[in-house]
């Protein structure tokens, strides 16, 4: 069975688990069978944190990631523990400011100013959603409509518009990156 | 897909299933990685006129649960390693006084404070023998979110039916895993409630022997005015040290699960029919073993998986059957070797039993099982 | 009270009316297990008398106790009785009362059970103010295990673990309970049974957590070890502990360092927890359970 394995990694409090929840829901909406796992350090903010989504067409025997197709690295602390799991040719999106040394070699790397883009949108906290949109747009993990629907289900109503805007911004950045 | 499917986090699935099973009381104490169960219960129970309370400590949590259950209400608590240690005292009480209750242990690395956010499977023996004295206890070990849901309901049913504490134990990975689950319509769900004592107070004996070794239970307000104690007691419920009465009552208590084991035991066999190499494991390690079996089969190795869902009492006969044709049995577990002891005890003399242990806070991955089994097969 | 040594002249003798203790006891368990002269039996009588006067049905009465001599008292009551683990009866009673608000729940504990191993449960039971009445039978010693020092053993007293005299300060359990927020706090001595009965009535009728310290005597172990005399003498000493100034130079010399304050020592009408929880839950239910 072909599996898609995605990791959101960074520092606790960056909304990595939320990103994975949104993707989990979006993939489920598209009829995939998915599993989402998470790991964190015993600190509520800061420290290595990740959430993985593994998806396929059938029942999942092993629900954890073993070979990542995609990695969104929001902070440098997310890189080292994830490096050995990256598949050859995996697509990596890394925040330019907070991930100064992203994984290199045998990966397709996109370094983008996610944090700065989020600040431009008015809230640094949506950097994760921009990254989610960008990675899904680049990798075709799942459709924008499913993600938008999933965001509606997973995020507070008063942040819905901002989150949807961030998703749009992420997808929009695909064109700019590919052009560059 | 028909039915009502939800995308649930393992710990939330446990809470929702408990409510569906009729749990109306939860007492707990915050502890990683089980706190989401308490959090969810605090939200769900008021909706069904149930009661949630955060107690002052782990001992108090199980004490309150036992109090609620003795009051006639289905009750649950949840914890992790350090709290599970503290709960052993009252677990023993529930076991001896035969008070139905469900105790969830979302297991993490130990000993002591260990690794709060990392998974482990190192409470296997504690879950069986953690409380002092010989005592009956049922331990259930689900390996998926859907199974957490279904087995939580079964945990309540077994606890009620056999008047025994049931430990629902899953590692941090499964507890924090999100998967899609078919949830039951609580209104249509057939759940079991303990047998209530009927008839007159005169001649009523709260611990009288019955055919199934499970005495019907008195409830405050029913006129029975029974006595419940953690002291070894006679059929009357009152303490005794009369050797003959003690032996009779303790034997009845300890025979309860053996007599009813067919109903209690549950396991899963994956490709065990012709298996030459059998893997026995639980929880997230069993999920790894599922994939390992597929990989090994593709490579021509006749591998199979025997997974106890009811860990204790261990499904001995089913295991022996699954292992009948096996040249070797591999027991991958996230501890220094616990389940393997039971398998060594049960395995036949000509069957090689090997362990695969990991104690670094990382789950066992399929490739590690494949490699170890290939080594055994060489 | 036929013993001439028991001077009750200072107290009004209250006739027991139609109270018959036998109606509330499990007579088939007699003879009971307490030592001759133990004050716990007097406390038991006062409790049952109060229950009788309040008209509480035995079927709706739940008695929860812990471990130690005090823990064994409950079993003699013809009610639903629960003999729980050491120190945990208040936590167990919390679950029972929340699950079954229709029951009258009374906890019988001791100084070791309630203040040492169960101290945490006590302060939180006080803080929550759930409608439970807790009788702490204070005999200043771990009697059942052979007479070791307890959190209420008076200074300089001898026990099997303080053979040269206790140097640990004793708890004032009532001050502790009051500070922790108990709805009603009271103390009484077994010398004054009708007064004790009335205090227990106050405790049971109070809507909230009532903490009642009963000064009991352990004649066999504590009394013997400290030369406090036989039971009547020990009980009489309670008088000198109440009014130490009047007993300065007699054999009744008080052994407690401070004068015992008795009666209702604190009362507050803050909300009872069970009522508050159910009201709060009902509101949450109509609102849809919050975020």
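Order of writing sets the labels: A, B and C. Residues in every chain begin at 1.
Basically, a contact is a pair of C-beta atoms (placed from the backbone, for glycine too) under 8 Å apart; a residue touches a chain by one contact, two chains touch by 3 or more.
Computed from a predicted model, the values in this text were never measured in an experiment.
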item: Innermost chain by mean C-alpha position; value: B
item: Chain of greatest Cα-centre distance to chain A; value: C
item: Interchain centroid distance [CA atoms averaged], chain A/chain B, Å; value: 35
item: Chain B and chain C: spacing of chain centres that average the CA atoms, whole Å; value: 39
item: Computed distance of Cα centres, chain C from chain A, in Å; value: 61
item: Residue ranges of chain B touching chain A (in the complex, touch as defined); value: 7, 32, 116-118, 144, 173, 176-180, 284, 287-288, 290-291, 294, 363, 365-367
item: List of chain B residues in touch with chain C within their complex; value: 24-25, 27, 43-47, 49, 51, 53, 55-57, 59-61, 63-73, 75, 89-90, 93, 218, 220-231, 238-239
item: Complex contacts: residues of chain A adjacent to chain B; value: 21, 24-25, 28, 33-42, 60-64, 66
item: Touching residues (chain side chain C, partner chain B) in the complex; value: 26, 29, 58-60, 62, 64, 75, 78-85, 87-88, 91-100, 102-103, 120-121, 123-124, 277, 280-282, 284-285, 289-290
